[in-house]
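Structure below; questions to follow.
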Amino acid sequence: MSEDMTLRLSLRQTQPIPLHADIKCGAGELLALVGPSGSGKTTILRAIAGLTRPEQGSIVCDDETWFDSDNNIHMPPQQRRIGFMFQDYALFPHLCALHNITAALGHLPAKTRTERAQQLMQQVHLEGLESRYPAQLSGGQRQRVALARALARDPAILLLDEPFSAVDQVTRRKLQQELARLRHSIKIPMILVTHDLDEASALADRIYALHRGTTLQDGSPSEVANRPKSALVARLMDHVNIFTASVVSHAPEKGITIINWQGSTLEANYNKDFAVGEIVNWLIPPSHIVMHRRDRPSRGEHENPVEGEIREVVSLGETTTVTMRIRQPEQKPGKESVGESGEEILSFTVSTHTARRNKLSELGTVTVSLLSEGIHLMPKIVEDRKF
Amino acid sequence: MSEDMTLRLSLRQTQPIPLHADIKCGAGELLALVGPSGSGKTTILRAIAGLTRPEQGSIVCDDETWFDSDNNIHMPPQQRRIGFMFQDYALFPHLCALHNITAALGHLPAKTRTERAQQLMQQVHLEGLESRYPAQLSGGQRQRVALARALARDPAILLLDEPFSAVDQVTRRKLQQELARLRHSIKIPMILVTHDLDEASALADRIYALHRGTTLQDGSPSEVANRPKSALVARLMDHVNIFTASVVSHAPEKGITIINWQGSTLEANYNKDFAVGEIVNWLIPPSHIVMHRRDRPSRGEHENPVEGEIREVVSLGETTTVTMRIRQPEQKPGKESVGESGEEILSFTVSTHTARRNKLSELGTVTVSLLSEGIHLMPKIVEDRKF
Amino acid sequence: MDTLALELSLRLAFWTCVVLLPVSIFLGRLLAWSQFTGKGFVEAAIALPLVLPPTVLGYYLLVSMGNTSAIGQFYADLTGRNLVFSFDGLLLASIIFNLPFAVQPMQRAFEAIPNNVREAAWCCGMSRLRALWRIELPLAWPGLISALALTFAHTLGEFGVVLMVGGNIQGETQTIAIAIYDRVQAFDNPAAGTMSALLLVFSFVTIGSVYMLSHRRSHAHV
Amino acid sequence: MDTLALELSLRLAFWTCVVLLPVSIFLGRLLAWSQFTGKGFVEAAIALPLVLPPTVLGYYLLVSMGNTSAIGQFYADLTGRNLVFSFDGLLLASIIFNLPFAVQPMQRAFEAIPNNVREAAWCCGMSRLRALWRIELPLAWPGLISALALTFAHTLGEFGVVLMVGGNIQGETQTIAIAIYDRVQAFDNPAAGTMSALLLVFSFVTIGSVYMLSHRRSHAHV
Amino acid sequence: DIPNIAAASSLQFALKEIQTDFTSETGLSLRISYGSSGNFKRQIEQGAPFELFLSADEGYVAALHQQEQTLDAGKIYALGRIAIFAPQGSPLPVDANLEGLRGLLEQGRLQRFAIANPNHAPYGKAAQQALMTVGLWDSIKPRLVLGENASQAAQFATSGSSQGGILPYSLALAPAISRQGFSRPLPAEWHQPISHRMVLMKRAGDTAKRFYQYLQTSAAQKIFLQYGFDSPG
């Protein structure tokens, strides 16, 4: 966040697509833009590339002003030295795969272009398909040509709009590794749009959470994932265990804040931002829920034990997701019910073999500990229906 | 696999795209086609839809012959009553979202079309965008219009080519639930192409693994995932722990086959298909690798203990992937090295909090048990470089 | 202004467009989407009416449509009327020499429709006719407008063929182009100038309005 | 066969195409990609040369390009030659009346290029000129071929304007169309027939070959 | 130098022969463009490079003379005649009194009859005057097809789609047309004389002037006569 900052963007727009985005991306930094479908990720990349002209704001790259509405600067895309991979590929239909790539190699001497393009084809694992036209390629193959073309230009900034969405997991992993390697070899800002949160976490230094054109939060993947600023971000980050509670007391010396959730008292991560008595949202990632084994005691059982009935056990490969309904200690009739449905559902995962050995598939009761270091408090928001 | 079978397909082709596919899909069955990018998934769907005419074979749906090369039958797509969602959406650019959907509602009386289309828009969570043209929608929104359009036709068979690849995880989960619900309400064969193996496992009754146009294996998701017929399928199913060993002996009474791997003797799942002395491939899913805890003994330690050095610990959200290099008991110089690189790498996952509590981030040694019920033997194949 | 001649010209242009529309849609689609050897020569053949001087083309049409010709006889047997020196003959000639202007833009327009959009139409269960009507034609719209505008303008202005086949009969085959030509030949410059100016203004407004409307229509989805 | 006249026609057609190519690319792109009020009327204006009978258009061109006119004077001052009754004058006239045939197909062809493909070209760092040359023109290829074929054919066949502006001077302004017309007027039917047939065959082969080559070129990526 | 000469298209058959004779006699070449006299007048006004103008209508020459484009007022070199023509197989009897035409008209069997456009073509004007003289103009008017010029009228007449027409006698005599039907010249008194006047332009060179003289020789006049023109005065 200082001198070596290479891309600095601030956009405001109301029409046709609302934007309220502030983004910084340093050289060698890989930033992931995540947000629901239609939240403006592509629009932001297009603004950086110079393909749309936002109403207001500025885009500065490497001390060069690309866009500045106040001074009426709008550099055309040709001069911006961007490598842009389009979400819908936008390959040149009349050029074969190889020439689609050489088309972006204008900065190299003509002789070396073919060689470099071939090298890029290899990098995206498309050797042998050099002379195919886009219409003769499969979806994933086209996507990789588009990726190679974006990398080709020797860009000052790399913009990738869902670069791996159409390839199989094996290829995807290889391409992600290529990208990770690239990051260390060329020190430019990289912005990646992705719907795959694991991918974002694995690849990105920083995540920007976007909603309706507004950058809600940015930070390291684990920060955004585990300490979202609001339930909205939490939802974006795929959190399922989001609840409402009231603050009971703070115990800064122990690093905890006590909250009351449906009559149970829970120890949460200390957070002084919320006053005693305030209604807050809180979340717990499934990774911070420890199941009590039935056969023997387990560590951490003293932390926030919660009992409930198993509702569903779903095994997906190596992990098993368990959904439980919380048994509430007592239902005080006079007290306002803070839960939405009055019935709180908690989800957590265990490894499939643990599930198997604990015979979790049988319905029944289960006790879990909610590790207090995973309980994160957020301001209570009004439910946003249009998600 | 009997009378109620609704789609039955057998295709052979050499040019331009090789095909050697046999697929059956019953009414109400949801089948997932998985395979690497460029393996012919789209081509097979196009053949079913009647958009390409394969060299040889037949496609029979509901006792109606759609294609039969021997009898020169090739029903045009209009008559096939398919709901086809194109991988690249293929929306009608001159029609708004709503009319894109009503375009496929020709079978309904004109009056009810708008209502039904609106209902479908809601089903794919696009309320409010009815009057937008495709060019005014984001990538994921377009994809959902395409999905709604495919569902609109009241089809006899549903063909979905990567229907959720461009939407965020939250929306994707909702759409997957819609699809699962649909499956129970309309009893037609459904074929889903997906790169997301979790999605395939979660949604599909059966998985067809495809490679270079050839259906390599089909079966229930767990069967294909855990008992692949070959290393090729194993690789497709994202297995990383694939090794080579020789069969030492069979012990049918104990349900095990003993194999020799790099000098270690391992107990594997019993498999009489391989003769003693035969060189085989074997795999173990990360879920069947149990890490020995450092602080106290753990169950299953007697099973195939293997020691190694930790190479890498990568935390991705709730799960942490550990890569270890196997310490080989002795390197016999005269003996042919069956491993590719001479160095065997084993990957397994633990929950992130386990990793944290075991301080796995420090490099060092670790001992794991390879649960014998997870060790699956397959015929040895010659390495296929072009993956 | 010779309103009789103008009316005739408009009638001719209108019917030429009406007849050429389906013909050029049919031929344009065929040429756009089927591949056969020698296709280029079929396209060239359609352009050939342009190559001959209009009067010469008209002369050959006159001879081949004349009362003694097979076509002329056939027509006379069918309708009891003569083909040459009649509106019907004019129309036939007009259709022939406007063919290239109608077919070429249509063909290009159909070629520009992405394959997968057509396929999607079939997969939506649309019959070929419905797909044509709801998908292909709206997408080929700009080409269709081009075809009609060129045909319309060219029919108004053409006089070589029309004079030859029609014989310049007032009220029957004297189009506005012939009328203006006559005025010019008779050194009646004021009349010629007025008629030309009016024709130009009229065409400008008509064609311009058609283009404007068609833009409005296609704007939405660009 | 009047080789002198044929050669002249070919020269005229060639140069018309050469001059109209950049003009129609420029105008076609402009009209395809810029939106301004009244655009439809600009398009209509381009079609106007078609509306007037060629001889009348020729007459007005003759007057406005004649030696006493501003244009004629300017040209004479510049080159010391007359514009009318010269090849240069023919060429200018030919360019004007072929404008609609060249611009319309080009405009449609440019309109058919997907927006994101053009954007991708810019994002590949191509200058506008390079994008035009490597991306836009190859994609607009069918329209370009249509434009050239129509212009070529129409120049060969047009004689009204050419006769008026050129004056039918053998070896200088007598094109093949005028020569055939002369033969027909002189009732020299055998000569007219031979010349027409040869011209048709020649055009058929030329235009057909151009189409065939252009198909081969665009086949690959369809 | 080879002079450019503009000549009315109705002259082309006669002039070809005269040109051949002239060239063989003098060894001088000419370049003759045939076309409509009116167009030539217009083009000359705009500076067309013609040195000699052989018009079928003396009015154009007079106009050019007034504009001082010409050397002098020019000379009448021939008088045009018109003829009735009927193609083979036509029910129209050909006679110099136009009785056959009248009969056919009265029987209502005349469908189409071709003349050149009387509004601007000199032979068309003459045909109109002739038809008026015999009182057929009003009744034949709805049956007329009008050629842009005399040649086109002849094309209509020979195409078989019209039953006949009134053509320049010079055309009717031309082998290509006479072969296809029958013709008879109409009395010259039925119409005003079709005076063909020629004139030298100011830029005229020696060859043009010699040809101008040559056209007035008896040898040339004889050829005009053969081709159906009358000699001036």
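By written order: A, B, C, D and E. Residues from 1 in each chain.
The criterion applied here is as follows: contacts are C-beta pairs under 8 Å (C-beta built on N, C-alpha and C of every residue); 3 or more make two chains touch, one makes a residue touch a chain.
Remember, predicted model here, so these are calculated numbers, not experimental data.
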item	value
Lowest number of touching-chain links that must be crossed from subunit B to subunit C	1
Touching subunit B and also subunit E, the following chains	C
Most extensive contact between chains (C-beta pair count)	C-D
Chain separated most widely from subunit B, comparing mean CA positions	E
Distance between chain centroids, defined by C-alpha means - subunit C, subunit D (Å)	19
Separation of mean Cα positions, subunit D and subunit B [Å, integer]	59
Distance between chain centroids, defined by C-alpha means - subunit D, subunit E (Å)	36
Set of subunit D residues in contact with two or more other chains	59, 184, 222
Interface hub residues of subunit E, defined as touching at least two other chains	152, 155
Touching two or more other chains - residue numbers and ranges from subunit A	88
Interchain contacts (touch definition) - all pairs	A-B, A-D, B-C, C-D, C-E, D-E
Complex contacts: residues of subunit A adjacent to subunit B	16, 34-39, 41-42, 87-88, 125, 128, 136-141, 143-144, 161-162, 165-172, 195-198, 201-202, 225, 235-236, 238, 285-288, 290, 299, 314, 316-319, 349-353, 357, 371, 386-387
Residues on subunit A engaged by subunit D in the complex (per definition of touch)	49-51, 76-78, 81-84, 86, 88, 90-95, 103-104, 106-107, 133-135, 149, 152-153
Residue numbers on subunit E that touch subunit D, as the complex places them	4, 6, 9, 12-13, 31, 33-35, 39, 42-43, 45-50, 149, 151-152, 154-155, 171, 174, 176-177
Residues of subunit D defined as touching subunit E within the complex	59, 62-63, 66-68, 82, 84-85, 163-164, 167-171, 174, 182, 184-189
Residues of subunit D defined as touching subunit A within the complex	114, 116-117, 119-128, 130, 134-135, 138-139, 141, 218, 220-222
